[in-house]
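What follows is a pair of complexes built around chain A, which joins chain B in one and chain C in the other.
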Partner chain A sequence: MSDLLLEVTDAEFRYAKGSAPAATGINLEVRAGEAVGIVGESGSGKTTVGRGLVGSLHPSAGAVLVQGRPWKGMRRRDPVRRVVQMVFQDPYASLNPMLSAQATVAEVVRVWDGAKADVATVRAEEILAEVGLSGEVIRRRPAGLSGGQRQRVGIARALACGPQVLVADEPTSALDVSVQANVLNLMLDLRARRGLAIVLISHDLAVVDYLTDRALVMLNGKVVEQGDTRTLLQHPSHEYTKTLIGSIPGKPLAFSP
Partner chain B sequence: MTTDLLSIDGLGVEIAGLPVLSDVSLALPSHGVLGLVGETGSGKSLTCRALMGLLPRIGGRVVAGSINFAGNTLTEMDERGWSRVRGGQIGFVPQASLNALDPVMTVGSQLRESVKHLDPGAEVNARSTELLELVRLPDPQGVLRRYPHELSGGMRQRVMIALALAGRPRLLVADEPTTALDVTVQKAILEVFADLRAASGMSLLLVTHDLGVVADVADTIVVMYGGTVVEVGNTTQVMSAPAHPYTAALLGARPASRAPGERLVTIPGVPAVPGQWPTGCRFVPRCTHAQDVCRIEQPVLLPLTGDRSSACHGWPGQSEEAPTHV
Partner chain C sequence: MTTASLTQTPAPAPRKHWLRLPHWRFAQRRPRGALALGLALLALIVLATIFVPMFSPYTATEIAGKPLMPPSLAHLFGTDTAGRDVFVRTWVGGRNDLLMVVLVVVASSAIGTLVGVVASMSSQLTDSILMRLTDALISFPGMIIVMAIALVFSGVGEVGPFPRGALPAVIAIVAINWASYTRLVRGEALSLRSRDFITAATLLGYSKTRIIVRHLLPNLATTVVAYMVVDAIVAVVTIAGMPFIGAGIQPPAPEWGSLMLAGSTVLYSAWWVTVMPGLVVTVYGIALSLIADSLLAEVDGGAR
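Let's look at the complex of A and B:
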């Protein structure tokens, strides 16, 4: 088997038949262990592509393949679905308010591994420990957790079915810089430890620069530039990429020790 | 008398008897731009609310210190006096102001109402158009006729700033004015602030959690933690050689401060919560340099060389260029 996990070919996405496409001409490959950034501003189509990657939106043209198979028509419990998992921008809105952190993760283990409740609970504890949550905290519901803790629960839930790719849509934009640092360090660790591939969707070029090897810049539903992240940021060729880079606040201080 | 347009001296605030701010001091000269930074819960927004006289609305009151603006002691004023200053001499762009416009009134009617109230001599229509031009909104006539939902986030934020400018303020207080916006829009709005400062000499108190924004626009940076000020100084100097471990940690947590893939500085634990402030330094539970003295005695904000100050008993690992106590 090749290590090609996700393959997007000439994909076009629309939210309704006959409506204008939200993204067109998307080509993207994600291989094991890679970190890919999708950069753009509001309305650029970056979240649409993210939804396409996780199979929550099917392309109206072209194809999205996960380990060589299209999302469309895949059975609910098809093991290929484990391969790609999503981490959301707002963990508060994406977690079940009635479930504790531990129950949230245990539910995924139960469903995907067919584990008994007590086994799933123990396994959930291990996964939460991996993202840095342990003790009494894991028995709290989302309302009792801080923003950073909630995002860790969101990541733990995504990890619970043993994915090979995490698609993270603005995972740190709602967080303080100090909390963001924790989450970014965690994503570095997960990549190193589990060999996870990461697709990071973000408007924040500093975060994309920090975490990814390759990046795509999107504008009005199209990819205007893509390539090695460092090259792209240091020698942008498209005008829009240059504008984006020119808009980063506090640039003179980048990379100062 | 000082020449500062705004000075806050030893401000203490309580909400329902619980201390939420203590010993907050800062000074902003005319034409100056001050960046107020800190994590969620550090007291930045409360400081703004105190300055705007908006504490009673959230059950808060000033229990110590004073706020002085243009020769007047605001903290001694009654609600009427304060409301003459607020909106007029001090403009306010509140946090999450994207949702603060009235959805059933056009931009024009909201703006004209503010101009009538705050700038009685002005020709209302002309001034409304001019305000939208000041914040560089294209097609101001068209925008005046529109409702808030017809505008993008960046446009609505510019309308909010235009409203805050209606009284020709000498000081604009902007609480996270660019946080929810795209970077290109953020840049445009920061340029509007720079223009206003250059054109009218307006001072700006900018609250933000984004140290990059502060680096770009502020002359002075004030760092808050646990409801008090922990460091003050010239922005460039503070950012290149912080004098407080909290400031150093905030700077090290920025992805741009490290090479790709290198671990970022993290601050263990969670921010100090009012009512659970530790004795001694409030940063102690999260500080990697804490010594015995830090747990007993709360450090006060002391002057350092280079016109800076910090509230710290001293910590190893400071940069060579960092200032020392005078």
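Let's look at the complex of A and C:
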């Protein structure tokens, strides 16, 4: 079986029929275990591409294939849906305020594995422990958790259906700097332990440098440059990439948690 | 010091609320205290509607003394134009009113919430059809529809604990009242749908039923319950207003509106016939208002 998990070919994304494309000419391949960064300023189309990757926005032209199959028309409970999951930017809005951390993760286990409540609860505890949450904390609702803990619950929820790709849309931008490092290290750790592929969407070049092997730079809905992350950041060829790098206060780039 | 004062961001002004009555401010500052006070007052009224008719030496329809006797130890709220005890009639009337209010609010909220959630989760066409129907109902003058429906069902007699005229009134009010819940719930549900936790549920392949039951409804509950409490005030005013247009509970069964209507002709000479039931209705309104405001203050605080 091919290790190609996600394949985007000449994709164009629009939010409404007839509206201007939010992203166009997108080509991207994500293979098992690799980490890809998508960088760009606000409005560059990187979140749009992220939404396309997880199937919440269908391309108006071109194709987005997950394990060779298009998102469009895929059944709600198609096993291929498990392959790609998302970690959201805002840990405050991404969790149901009425469900505890444990219930949030257990629900995914119940839905996808058909597990009974007690089995799902135990499995949820294991997954939450894997992201560093255990004890009384997991019985709290989101309002009782810190931003970093919430983001960990979001990651645990994504992990609960056994994905092979995590698409993380600015997963640390709403967090304190110290917490950012913890979450990024957790993602690195998960990548190593589970062999997860990661697509990291971020405006923060230091974060992309720290976490990814390959990066795409987006401007006005188009990919203007892509390649090996370190090479791209050290020897940018496009003017926009140079501007992005030049605008970082306090170089060097390397993220130092 | 200069630097600090220059860089300091001014504290945001407290949010103004359209309802600036003293109890709202109390509810906003001490929501739990307001909730406790509201619940205590409501409990007092509910208990009185249960126990006063049980232990009163008079029934609601018997002639208990001379007509228009002022309040005394024998007749705490005085007597009405026919010599009936206003105290026992107020609480029997209250029981009739509260039973109707519960039925109106529960049925309206159930229908309205269901239609609102379905509209928010449906295709644009279904949503448009349901919402235009709702708009049409809301835009009609409510009392005229209530009168018409109450007249259609006027043949319905006494049913269980409901005296003659009560159920037609309930049906009439529910028939138009659910629409306001639909508007509220659809708006809230659409706002929730744009939240990431609903997107996550969709990406995780959850069914629409699961998303509605586990993720939308629990998050709508506080808003709907707060509105139900406000609606319970509006409903009692509507029910109390029905005798003035010849609908609602039929005499001689008492009801707050008909009690006050009966007293309006002798208001200057025998104020107690109108004022005493009116005071009970006022306390009922304040109790529910305190509960609703404390719930709204919780929602408001939670949102921030």
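Throughout what follows, the second predicted complex is superposed on the first by the 251 of 257 C-alpha atoms of A that agree within 3 Å, B and C clash if a C-alpha of one lies under 4 Å from a C-alpha of the other, contacts with A are read in each partner's own complex, and residues count from 1 in each chain.
One rule holds in what follows: a residue touches a chain if its C-beta (ideal position, glycine included) is under 8 Å from a C-beta of that chain, and two chains touch if they have at least 3 such contacts.
Quick caveat, the model's predicted, so the values are computed rather than measured.
Trainee: Tell me the contact category for A:Ala181 with respect to chain B and chain C: first, second, both or neither.
Mentor: A:Ala181: touches chain B, not chain C.
Trainee: Touching A:Ser19 in the superposition: chain B (first), chain C (second), both, neither?
Mentor: Neither partner.
Trainee: I'd like to know which partner A:Val207 touches here: chain B for first, chain C for second, both or neither.
Mentor: first
Trainee: So in the superposed three-chain picture, is A:Thr229 touching just chain B, just chain C, both, or none of them (first/second/both/neither)?
Mentor: After superposing on A, A:Thr229 lies in contact with chain B but is clear of chain C.
Trainee: For A:Ser56, select first, second, both or neither according to whether it touches chain B, chain C, the two together, or no partner.
Mentor: second
Trainee: Check the residue A:Ser146 against both partner chains and state whether it touches chain B (first), chain C (second), both, or neither.
Mentor: first
Trainee: Residues of chain A touched: more by chain B or chain C?
Mentor: B
Trainee: Inside the complex, what are the residues of chain C that reach chain A?
Mentor: 195-197, 199-207, 210, 214-215, 218-219, 302
Trainee: Under the definition above, what is the set of chain A residues touching chain C in their complex?
Mentor: Against chain C, the touching part of chain A is residues 54-56, 76-78, 81, 85-86, 88-90, 93-99, 107-108, 111-112, 143, 154, 157, 161.
Trainee: What part of chain A is in contact with chain B in the complex they form?
Mentor: Per the touch definition, chain A meets chain B at residues 41-42, 146-147, 176-182, 184-185, 188, 203-207, 209-212, 229-230, 243-244, 246-257.
Trainee: Which positions of chain B touch chain A when the two form their complex?
Mentor: Residues in contact with chain A: 39-40, 153, 182-187, 190, 209-216, 239-240, 249-250, 252-261, 263-267, 270.
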